[in-house]
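Quick one: the structure is below, questions incoming.
In this document, chain identifiers A, B and C correspond to the written order of the chains, with residue numbering beginning at 1 in each.
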């Protein structure tokens, strides 16, 4: 007699805990062959709000970690994904990817994390400046993380695209509230488990699953989100930009209708880190 | 001997407190600046390298806020004029400027800087007549700083490979810019110099009350031989600004002004692909610790709030003083304010000039009345104000709470609110308790505390043991609802290019 | 246990009296120079400046004759028609006091100041310095310009420094005292402020603090003048005791003097705009003040050799 397997109940990773939606709503996820796979939390605006609060709590501590420490933690996350690469690749094949393509995506995700892990203690050296002002002052420009970043991932490349948006934000000490692919949410569920074992403090990355149309207006108008980094369609871009105006939020909206090669090196950059940074310039007199 | 102590105390209290007399024993004679501003009776639009009449044939008056007299007529642009300006900018970008090697663009910008230096005095007078700021500020700050911005950015034009390490940069194309009335010429330079250095062409709208120095700058562009259409000026009020911002041609818009208008522009551009720079309002905290060099702190407070009549987005309008020195700082501040000279902006000894417009004066008056109604203690020096023109006495509110309107709203006038704090954490919390985040000041003798404050304050510019300092090499711009993007320095150039 | 080192002692003093930011105060004083002083304000300022001059000669080659001619100039700086006031004082070495008294007579408003206390170094035994003060007073000095013990100050021995000043105060009797800080040897604005307070606490209302001897490389500047004016102001508002101020050395032009007076006007106010509360220690300044007054009267720029004792005779 074959043993009936114990199936895992998918939960989202918010504030360092695995939770169901506060609404208790779920939506069914089918595998590539159309069979029922599991029920996925259908997160609500309140879940988003709670996630923002978790991110706000975690933010100051994360930003104060040394750059060296953040680098090691991002590297550790890479280690965690690498160690469970097979399981993660299986999760990606649920959406119809071939095993080879899924394995490529997982490998690229790990590479991406290693790339950003190396930037944590270097981007400041490249982006910051000492400015030769024409007066007896020492003047320097440093970067600072913006705060809480809203991430809306595209449907394709459900792991790699998500990480490609999250990683540059947390490299500098931002915290993230991310909405995973609606059509392929399961890799994000697994990613949560890997985040939980990666030394990343709870609340730094908060992953939600659910539907964009229900959540986009909250992403747009929640004034505590200081920036939105998203891959979205024209209608969503407009909604996000309109909402962003209310609190002068920064928006980095990539077009969903454009072709994105998430595997390419061009999908990772110093520029992506800079998008969620503020520049701060300090003056001080030089005198005795 | 308690009785003796008590007696000593009481005699001490009964003696009148020593006071300083800032009277008229040595009153300065009027020292009016007499240089000719060389104003025209009528200023046309500047499109495609030429001064052209607006298609509507309509003009509006630019008045001198110091005496309410008309200075000149300014062309009122309409949508067709804005179209023409953008068409010229597009032609100039496609045909000339976008293709010009950086070292050639640099030469034009250097020329502009030099020609502006040549005519500095004339420009300073024009700026003061049109905007109401004291002549010593337009002479010693606005005009030289404007020239410095052109000179600094000129040198970048052929070194753009160093702007974004590891990447090549390219211009965006045509840029639309709208600037405010508080630093009319300087804002022009802040906006134009990086845009042009990067290879963009521009349509810019000056503020309706202060268009003259922009149009005088257009004369310099002609003298410098700047190719037609590289810079175009359209003049008028908010509707012209909206036309400039909402036009389909520009790849980027840059705005300096109020947060309120900034949000309107952001909404209007929602769904478009235009890049934006927003330099918006502020309500900066200027924080004084008890170990600060107090006289210099007081000087910084005065410079922070009364510079340019407080018409400064980064004005230090919220003074946070550590409780133990609050009384002392307030006393010193009052004595310092008693020596400020309010009046005719053209007088070389004037420290505080005219409020830019009746509208702005009304707004300041209204908010100060609200501050008085809230029960805050008000101090204004007993200085005489000219009978005609728009003037407001330097004003400080003390005993103010964080919820007070004068603490929360940007007044954009010579009005300071004073709050107190006890600890470092309380100072940080109060300073950051605002939707704005443009600038902040901190005064303390302790080095590590300066760096701690600088790290914790959510503001794009932190002035430590100084205030209101600017330089072309120093990036300027805000956090939160004070806007995004930077102006000045290497970072400022990043907002006028795309990475290729 | 508190550390007993000169720097620790200074630090405690700074904590008590406050510090000065060098760049901040230099920017502040630069603004005084942008005040535009014209017409009647200029004439008033120039005449007031003349009345504040301590006309000084402090040279090894000073002779009774030189001092006598200096005194003549002090009494009548220029053509009486111009209405130039007398200067406040002549300032001479102790050995010249009796010659100055002879030249000025007793019935004069021009005072005799003398630099006693082993000027300019102060490096003589206290007993000797006090004897010098007493001798100058006995010879007819109305004012004594003493130097502080900079060595004691920099070593953190503030008590010693103050005791010596107090001893000079005693020796002066009714004579006005000016305490020279010799700012160039104190080096920092923080030190100048601190030393000002130490001095003010032991001198009397109407006594002076003074920047320099004029014998070192750096003398009065708008910066150190301002530090001392602010110290005087804070001390006055705190105690009610009004101390007077004398910048000395390096002020050569009328334009400079007017700028120093603007600093007085805007820092201490009207009550210090007189020669009981403010002096200029200078030698060549007087000629330039008179020259500018002549120019204001005639409208023509004046050649220097129209004015007596001019250093520039080219």
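Assume a contact is a pair of C-beta atoms (placed from the backbone, for glycine too) under 8 Å apart; a residue touches a chain by one contact, two chains touch by 3 or more.
Computed from a predicted model, the values in this text were never measured in an experiment.
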Completion exercise
Moving step by step through touching chains, the smallest count that connects chain A to chain B is 1
Practice task
Average the C-alpha coordinates of each chain, average all protein C-alpha coordinates together, and give the chain whose average is closest to the overall one.
Solution key: B
Completion exercise
Per mean C-alpha coordinates, the chain lying farthest from chain B is C
Handout entry: Pair of chains with maximal C-beta contact number
Key = A-B
Completion exercise
The distance between the C-alpha centres of chain A and chain B, rounded to whole Å, is 37
Handout entry: Between chain B and chain C, centroid-to-centroid distance (C-alpha), Å
Key = 42
Practice task
Just give me the whole-number Å value for how far the CA centre of chain A lies from that of chain C.
Solution key: 69
Completion exercise
Residue numbers in chain B touching two or more further chains are 465-466
Exercise for the section: Note the residues in chain C that touch 2 or more other chains, in rising order. Expected result: 21, 23-24
Practice task
Identify all positions of chain A at which a residue touches two or more other chains, and write them in rising order.
Solution key: 137, 285
Practice task
Give every residue of chain B touching chain A within the complex, in rising order.
Solution key: 148, 164-167, 259, 262-264, 266-267, 269-271, 278, 280, 435, 450, 454-455, 459-466, 469, 471, 473-477, 479-484, 486, 489-491, 494, 499
Fill in the blank from the handout: Per the touch rule, the chain C residues reaching chain A in their complex are 21-24, 26, 187-188
Exercise for the section: Spell out the part of chain C that touches chain B in their complex, as residue ranges. Expected result: 15, 18-21, 23-25, 27-28, 34-42, 44-45, 48, 230, 233, 236-237, 239-240, 242, 261, 265-266, 268-271, 273
Problem - Contacting residues of chain A [partner chain B, same complex] - result: 126, 129, 131-135, 137, 139, 141, 144, 146, 226, 234, 237-238, 241-242, 244-248, 250, 270-271, 274, 278-285
Exercise for the section: Would you tell me which residues of chain A are touching chain C in their complex? Expected result: 136-137, 285-288
